[in-house]
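Think of it as A, B and C in the order they're written, each chain with its own count starting at 1.
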Amino acid sequence: MGTARGSSGRGVIWEIFRQEREGQPFQHGGSLEAPSLVFAEAYAREFYGRRDESFALWIVPRDAVKEVREPYVADVFDRDYRRVDGYSLKVKLKEARERAGTSEAR
Amino acid sequence: MSEAEFEAYVQSGGQVEVGDSMPEDYRKALVKFIEMHGNSELMGVLPEREWILRAPTLQRKLALTSKVQDEVGHAQLIYRVVEDLGKPREACLDDLVAGKTKFHNVFHYPTKTWGDVGVIAWLVDAAAIISQKALLRCSYAPYARIMKKICWEESFHILHGRDVILTMMNGTDEQRELVQEALNRWWGPLMQFHGNPIPAEDDPMYRWRIKSQANEEARQQFLDGYVPQIWELGLTVPDPKLRKGKDGVWEYSEPDWEELKWVVTGHGPETERRLGFRQASREETAWVRRAVLPDAA
Amino acid sequence: MNAQELLRLADDELILGWRNSEWTGIAPFLEEDVAFSSIAQTEIGHARAWYELAAKELGSDADSLAFDREPEDYLCSPLVELRLADDWARTIARHWLYESADAIRIGGLKASDDPDVAGLAEKIDREEAYHRMHAAMWEERLRGDARFREAVDELWPFALGVLSEAQRSLLCEAVDRDEVEAIEQGERNDLRPLWEEMTMVRRSVPGASW
């Protein structure tokens, strides 16, 4: 994610997540340098709220966020049971309808 | 991946995040380009902030303070991106005031009247926004993301600029004269702003999709959008050769590329004074940063 | 509430807002620059609101009241006129002291018989909550610094001068300091150059729209 400490090595970097409208997911807005959570909150309000553009904010110190790239190795063995296209019901449904006498000429 | 593979990757729309491996030349070019943008936002504040104090109505004072505030905010966003690429903010500021790094030509010139305030917000910002919109497609994703917020905030500046100009143009002869006089002084730097035409294939910034718009294309877009706006107000552009050709391409007098080079290498009329001013304010407030930012763990 | 009292409130907010806006672009660090600039803008906005109320009574408009009077006709307190632009310690000391005093003043105005005044004071108070948080945040950070403590000592008599005599003991309680002789009138030495700069564009084409 980049450096966890700010320019002089003394400030802390905070990640700001913002909810654009009520009920929406929180999305990453940006980062800022501040000496404490109190300062980070004051600045986050300014940067991500002064135009009334955020319904709510989450403020998180950068080193509390663990970034995971390419989260899952899922392409080595087939895991079609986890995908929609892993189920083909058409043929079985046709057979079941015929058995029950409920199939119509299509 | 090799440098050739990387180039193919970004040219096909591949995005680069901060932790990704990237060619050292790409990283260096990014830092230089983005740092210059941050420097420009920060230096651009200086010619404008004097006029906050002189704004002739409460509404103009609010709007201009808000505009300058946005620019400081943009500098913050941009320097954060540079810092995450490895160059701390204080190092950027050190290099800026020492004259080792550059900022855009337009911020090396004086502002003389309220006419300048209008012309800068209307036309200089417009020229900058054209470049900034092209940067929305930058291959380096953290930069492309902040450009979205920057472009959104800049849209308010253009409206403010237009409002200031229209009010003056609808006002007195003296006010109209202020606008024309300011336009006469700013036209040269505006035409130089997007840089001299470089063919895209020769420009590594373009090959790496850091920039996605050629300099001349940006300038043509500026002329196409804004010369009609200038002319419809009864203002004149101080270039007798300026005209739109039948093929839609604007013709104009060759901008002074020597002046551009001279100015951006630190010889503009206001360069030394403004860098000195920046350094003096940094020195006066150094104790605050030391007092407020906690010691490293 | 009479027009003169309204002008006093408006002038305080205008001149303080003008002073605070001197920091836009050169504050100690970028994040703080943005925050402090908002405070300056909000103060100007509050000034405008008080001018508009006064304007109703005086048959004028906010901009004329803000800009077109002579320097000696401004009714702002000496505290806000002081030029503190390159001194962050004194700027924050003033910010903290003014916000503390203004909280008491606004608190009184919320109880005004005049519904316009009470209503406006209520709105202003809501926005001022953020200014107070900001001032408290900085006061806590800087209170151990000699520079800041000296600045507060120096500006304390001026801070008392913002309030009426009856309200001063409340300020002493709020910031835990002893009352001293208040500075209520100034020489206007700092105001005149401020006024020259503030009005120079407006005076350049008198009567024009900008």
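Here, a residue touches a chain if its C-beta (ideal position, glycine included) is under 8 Å from a C-beta of that chain, and two chains touch if they have at least 3 such contacts.
Note that this is a predicted model, so its numbers are computed, not measured.
K.L.:
Considering only chains other than subunit B, in their present positions, which groups are joined through touching?
P.N.:
one piece
K.L.:
I'd like the most central chain, judged by C-alpha centroids against the all-protein C-alpha centroid.
P.N.:
Closest to the centre of all protein C-alpha atoms: chain B.
K.L.:
Distance from the CA centroid of subunit B to that of subunit C, rounded to the nearest Å?
P.N.:
Chain centroid spacing, subunit B to subunit C, equals 34 Å.
K.L.:
Return the distance between the CA-based centres of subunit A and subunit C, expressed in whole Å.
P.N.:
44
K.L.:
Using the average of all C-alpha atoms in each chain as its centre, how far is it in Å between subunit A and subunit B?
P.N.:
33
K.L.:
Give me the residue numbers in subunit B that touch at least two other chains, ranges are fine.
P.N.:
Those would be 73, 76, 89, 289, 292.
K.L.:
Which residues does subunit C have that touch at least 2 chains other than itself?
P.N.:
Each of 29, 31, 34, 38, 141 in subunit C touches at least two other chains.
K.L.:
For subunit A, write out the residues touching at least two other chains, lowest number first.
P.N.:
Each of 32-33, 35, 39, 47 in subunit A touches at least two other chains.
K.L.:
For subunit B, which residues count as touching subunit C in their complex?
P.N.:
Residue list for subunit B touching subunit C: 45-46, 48-49, 51-58, 60-62, 65-66, 68-69, 71-73, 75-76, 79, 89, 114, 164, 167-168, 170-172, 174-175, 278, 281, 284-285, 287-289, 291-292.
K.L.:
Which residues of subunit A touch subunit C in their complex?
P.N.:
Within the complex, subunit A touches subunit C at residues 32-35, 38-39, 42-43, 45-47, 50.
K.L.:
Where on subunit A does subunit B make contact in their complex?
P.N.:
1-3, 5-13, 29-33, 35-36, 39, 47, 51, 67, 69
K.L.:
If we count contacts the way the header does, which residues on subunit C are in touch with subunit B in the complex?
P.N.:
The touching residues are 18, 21-22, 24-31, 33-34, 37-38, 40-41, 44-45, 47-48, 51, 62-63, 66-67, 86-88, 141-142, 145, 147, 197-202, 204-205, 208-210.
K.L.:
So in the complex, the part of subunit B that touches subunit A is made up of which residues?
P.N.:
Touch list, subunit B to subunit A: 17-19, 73, 76-77, 80, 83-86, 88-91, 145-146, 149, 153, 289, 292-296.
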